[in-house]
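In what comes next, subunit A is part of two complexes: it sits with subunit B in the first one and with subunit C in the second one.
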Partner chain A sequence: MTSLASPRQSFDIGRLARAVAPSLPLIVFLAMFVYLGIASPSFLEPSTFALILKQSIPTTIVSLGLATVVMAGGDDVVSGGIDLSIPAAAVLAAAVVADLVTNHAWFIGPALLIGLLTAVACGLVNAFLVVLVGMTPLLATFASATAFVGIGKVVTASRRINVTDPLVVWLRDGVIAGVPVGVIAACVISAVFYFVLHRTRWGLNLQAVGGNRDAAEISGLSPAKFIATAFVIAGLAAGIGSIFVLARGSGWAPGTEENMMMEMVLATFLGAAFSPRRIVTLWGAVLGAVLVSALSVGFGSVGIDIFWTGCIKGGLILVVVASSALSRKVNI
Partner chain B sequence: MTTSSAHILEMSGITKAFPGVLALDNANLSVQAGHIHGLVGENGAGKSTIIKVLAGVYRRDSGQIIIDGKAMAEVTPALVHAAGLRFIHQELHLVPHFTVAESVFMGQEQQGWFGIKSRAMNEAAERFLEETLNAEIRGRTLVRDLGIAHRKLVQIARALIDNQARVVVFDEPTAPLASAEIDQLFDAIARLKAHGISMIYVSHYLGEITSICDRVAVFRNGRDVGVIDDIGLRDSGRMINMMVGRDIADFYPVKNHAPSEPLLTIEGLADRKHFSDINLEIKRGEIVGLAGLIGSGREELVDTIYGLRRAATGRMLLDGKPLTLKSPADAVKHGIVLVPRDRRQDGLVLDMAVADNINLASLQDVARAFLIDRAAAVKRAESVADRLDVRPHNVGAISRLLSGGNQQKVVLARWLVTGSRLFILDEPTVGVDVGAKVEIYRLIEKLAGEGAAVFVSSSDPNELLGLCDRILVLLRGTIIADVDTATTSLDQLIALTTGGELQHGATA
Partner chain C sequence: MNAAASSSPTGSTAPVLGNLARHSFLLVMLACFLFFAVYNGAFLSLGNLTNILEGSAILLVVALGMTLVVALGGIDLSVGVALDFGAAFAIVAMKDYDASWYVAILCGLAGGAIVGLLNAILVVRLSVSPFLATLGVFFIGGSVQRIFTNGGGPISFRRLPTEYYNLAVGNLFGIPMKIVIGVVVLAAFYVLLERSVFGKRFHAIGMQPSAARIAGINVKTYTSFGFIVASMTCAIGGIMVSANLRMFTPLAGNAYLMQSIAAVFIGASMHPRGRPNVLGTAVGVVFLGMIANGLNLMGLDFNAKDALSGIILVVALVFAIAQRRLKV
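== the complex of A and B ==
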């Protein structure tokens, strides 16, 4: 007789989970910013804000690529779309550009073009592996990322290459009307991606493919084409991102991709928490990238040990992914 | 095949063979312009094959297809689409996080210089849904916030939005719908007919066929075995005879079980939302039915009895002893078994072999220490599968490939080998063809005959009347009647489930 009384409690927990789970990442982020603001007053200064935006640029650009792939492949991490290789491709392209400009005295223009083509080729490799070979995107891009990093090390002999080209320096330090040049460029690029993916027929069709492959096929769309194109776009994003990688680091340094990959995944899926539809979107990814960057800068200003920073970010990825899993669970 | 001018679609002498199977054997199907043409038959009768031949999914081996007077030498999905054929698949095929307008216009979005014309699409979708399908749905609503019936209408709107449709093929459109929702769908279909659109309507529900179709073609063994013109409410029996080639008299088994002492007793069970003050008793060797419309709390009550949901108050007794169920695993431990309504989702591991699915709940019985005795497991599965006549006769077959009826048998087989005492069957024959239905009914009868208590929740009043000893009628969360099936008529039962008003001739 007593046995059936306990359910009352668990019913409420279910309701609580339903209400809170989707917003959990935001709540955690907000709490961290409140903490950072209290612990380090300088965190709230305008100059910190500019720094946050500048630091976020490479992650923002590669997150645009990942968001595109996720939108085309679906947000199921195992069976859907994911591309872990974008930062690796960006860093490889950066290595090519740095090597050409600094070691072979190329002009920056042609060097950037070769870099861009390199990154797009990386995207084509992924598209081939996923669409034609039929590999799981997670495995395919994990493998290709490892290969891209390897090639980059071959090109540079894994040694730092400085780039002092004026264009790169201008992207890093230039200011137009008080706004850093890099930030303006990132805004323009994000806006173009947003328009193509969210406001055009083609973009909507790509989202349809990611949302329900059968539905898209019945509507006369060809899912394979959209998914392949998404990987190529991700390669393009990596190519564009490579310029900002060079600008931020004043050249090429080994190991840049590790931190970027983590930030990219975190930013893209964190972005879903902002979306009213709770799906990965481009503007969500951009916002996510800025928040993640703010966190990194904030940790720096409070003086948290760099090793702890990794632990905390890893924990945040867990929170973000767990919350999307939870909200899916309670929505059924 | 008389006056071909009146026929918008004519398929004649269609033959299609797969390795080892002659799926279509010189079959014919012709649809008169402006008609709703029913298509019925057991699973495997060739209905879906002829539809897929028409859709260009399968290539016919021989035969002629004439659409609107033009012979189609080649049939591809693009060509039949251009000819004005539209297919409403059984699955909804919608993107949950898309808006209604985005879904309706999928693949044919309106675009201007500044991108997608969201507002124009919203308005056009709303207008179309209202004018053509009589549904008020906002274009900006997300699909996932719609009920199933509205989703179905969105799916239909997507097929028709370009105004080029001449023939619409519905494949089991009502399978996921509740009865009120079915009325809404039928209303939409009637409007399409008024617009001069011809339709092919494929369904297992003969009641639907008789109420909306003008003509019906019956398929059996890959052939059209008969056409009934001017179909009326009294033709169900004729259709079943044609479909199964045997009489409806032995559709339901002879009741041959005897209720003895009570097994499950429920007193004052209530959750906060869906049902209240539920009292019931099920005896060993008794088949008790549960009737109730969707929304009556029927699903929730069944889930609660099985431990999938929790009740707020009340108690359950099994064999006179208080019963606490924290989870379905607890229920299984007590010998209570649920055969779920959506067996593809909840009942079967689709990619597992039949034998593994049968043994899933009782692996410990065929295990020595930690190792599974494969041979013994397969042997046991084979004996049960044979008893239930699971086809194909190969327990190594992947469950996904089985027909709905045979999948249901596999689910039942799993619980047979565990020696359970109380069987809760939720919609045991939804989506199952007539032949398999008969076998499932026999099996249920047999379970009761062997002393098990059986609780059948079903939306098919005929099924409850034919199968059960008693029927409990659930209306808005309370049991309003407990009737003896021997003295209850179909009309009375329907009247009770719908809240006392005698339903106007929807079922015969």
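== the complex of A and C ==
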């Protein structure tokens, strides 16, 4: 507005803000890493890097699930696709596995299968709420997350459950050719997601539904089916993630889901800042998860109080979403 | 309300079906009521019914704030933060600054207003969607409380001024004070949202923001006002909580978040056009209060109660929203 009134104005704060807005999250992140690198020299060591990658695995996997839902439902945060219940489903599945293995002496294989089925059932609940009942994904998955957390409390009686199964320990500590097993697994899972969503006809159709639901419907696709499937895939991601939740924490501990939900939302939407079209992508989500994990590890090494992490991550979410909202305004 | 429903041009049977669907939630509520009454005789005693109303008062206040924001077409996930800030500001004002009880109440309201102002800036100025903006504030607010209390320890203040303590435990002409406050806030919101031009504008913004803007409503001002008033209302709830417990418990407000959302959507399902409305929210709150009380009387353990009420919330939302679709 102001630039219309005075076109010859040499310095326009509004225009500057609009030019900077899209890359603001990247600038903020870069500044934080520069600070962490200076404040804590050990932050730049290779061992720190390995730790960051290992810590990021559960967030990476649930973020892949969220990215799938966003790609199928469109990236409008209100009417489009979003699934806030993935961490809750992952933690519930982890609770089931931990309870079966430690308290009921099950073998890890069948326990993991039950855990996976639990998480997929969570995905089906979300698909039902969104596609059949017609709830907005935000409300549906926020509500179902509360229910999943509640059920998890019943399963575990809110008490920590240690898991010392060799497979879980191997996923945590194992190394193949110098690379941690968990990191290799996360890479493979990311590659599978990439293949399914970007290299198959089905995946491209799913992206078409997310890009323009009406156009996809006119060309003969059934958006409801794709969106429902995306929620089930998110449930599957939660199920896979649950194994790594157990590995990272050497068992199940109450209250892990809130931080994970924060990291997942931050990672996935931060990832959009890296894509040329500013949309949520799988690689963006993976990169975002690693960056968020790097921040957590970095804050730990500088000795920032753990109570601050919610403040910083919540603030970053706001920076990311505000900048994407502002840059979208420019495009219109 | 009935006049509006029966004059709808969809034919003669549709309104009947619509009305039935609309009131089927009341039937569910009645069924629950009867179940609890049969299961445990103590449920029906006058003392217990008063208990239900008294126990619902805080949720009612929070849910009314939520109704205002949902009527504007938004949602407020930071109601719990606003409630906690209200409680914290009031208790700290009295404990550390020897404030008198009415100054403490004003401080509590100011604490809520800060949260609302932050939401308003994010939503109106930075055009962040209400859900994500208030989600961010929810995370930040929780973290701030942990920092402030060194990890979440409660701040207790036993020597509360009697007037302040009476906000929770006192009574007015024999009616418990919590119920009095709840009814006063309910009446205020009813007049504001359902019986004034002001309220009509809120609903207009919620239904069609662009049309409302063209019609000359200052959408930004109304939206900011809505978020700030909602948070201050939640702070009233926080003041009641702190008076009741004689302390500020960090993160206590989060318990009211899902419940208030559920109450608003249950209320909306009973409205002829599926709009969030004050009286519907009140019915939703009483329903949730009844469920909580009934489950308590059944003697379930803490974790099972938590899970069950989470599931009931989801089912209630499914009912509420599925009905709204049925009518369209």
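The rule is short, and it goes like this: the second predicted complex is superposed on the first by the 315 of 332 C-alpha atoms of A that agree within 3 Å, B and C clash if a C-alpha of one lies under 4 Å from a C-alpha of the other, contacts with A are read in each partner's own complex, and residues count from 1 in each chain.
FYI, contacts are C-beta pairs under 8 Å (C-beta built on N, C-alpha and C of every residue); 3 or more make two chains touch, one makes a residue touch a chain.
Since we're looking at a predicted model, the values are computed, not measured.
J.: Return first, second, both or neither, reflecting whether A:Leu204 touches subunit B, subunit C, both chains, or no partner chain.
T.: first
J.: For A:Ala147, using the defined touch cut-off, is the partner it touches subunit B, subunit C, both, or neither? Pick first, second, both or neither.
T.: second
J.: Quick one: classify A:Ser47 as touching subunit B (first), subunit C (second), both or neither.
T.: In the superposition, A:Ser47 touches no partner, neither subunit B nor subunit C.
J.: Check the residue A:Arg277 against both partner chains and state whether it touches subunit B (first), subunit C (second), both, or neither.
T.: Once the two structures are laid over each other on A, A:Arg277 reaches subunit B alone.
J.: Of subunit B and subunit C, which one touches more residues of subunit A?
T.: C
J.: Which holds for A:Ser219: it touches subunit B only (first), subunit C only (second), both, or neither?
T.: A:Ser219 contacts subunit B only, not subunit C.
J.: Across the two complexes, find the residues of subunit A that touch subunit B and also touch subunit C.
T.: On subunit A, no residue contacts both subunit B in one structure and subunit C in the other.
J.: Mind pulling up the subunit A residues that touch subunit B in the complex?
T.: 1, 3-8, 10-11, 195, 198-201, 204-205, 207-208, 211-212, 214-216, 218-221, 277-279
J.: Flag every residue of subunit C that touches subunit A in the complex, lowest number first.
T.: For subunit C paired with subunit A, touching residues are 75, 77, 122, 126-129, 131-133, 135-140, 142-144, 146-147, 150-151, 258, 261-262, 265, 303-304, 306-311, 313-314, 317-318, 321-322, 325.
J.: Residues of subunit B touching subunit A in their complex?
T.: Within the complex, subunit B contacts subunit A at residues 78, 81, 87, 89, 91, 93-98, 102-103, 106-109, 111, 114-116, 142, 158, 269, 272, 310-316, 322-324.
J.: Using the touch rule from the top, collect the residues of subunit A that touch subunit C in their complex.
T.: Per the stated touch rule, the residues are 77-78, 125, 129, 133-135, 138-140, 142-144, 146-151, 153-154, 157-158, 262, 265, 305, 307-315, 317-318, 321-322, 325-326, 329.
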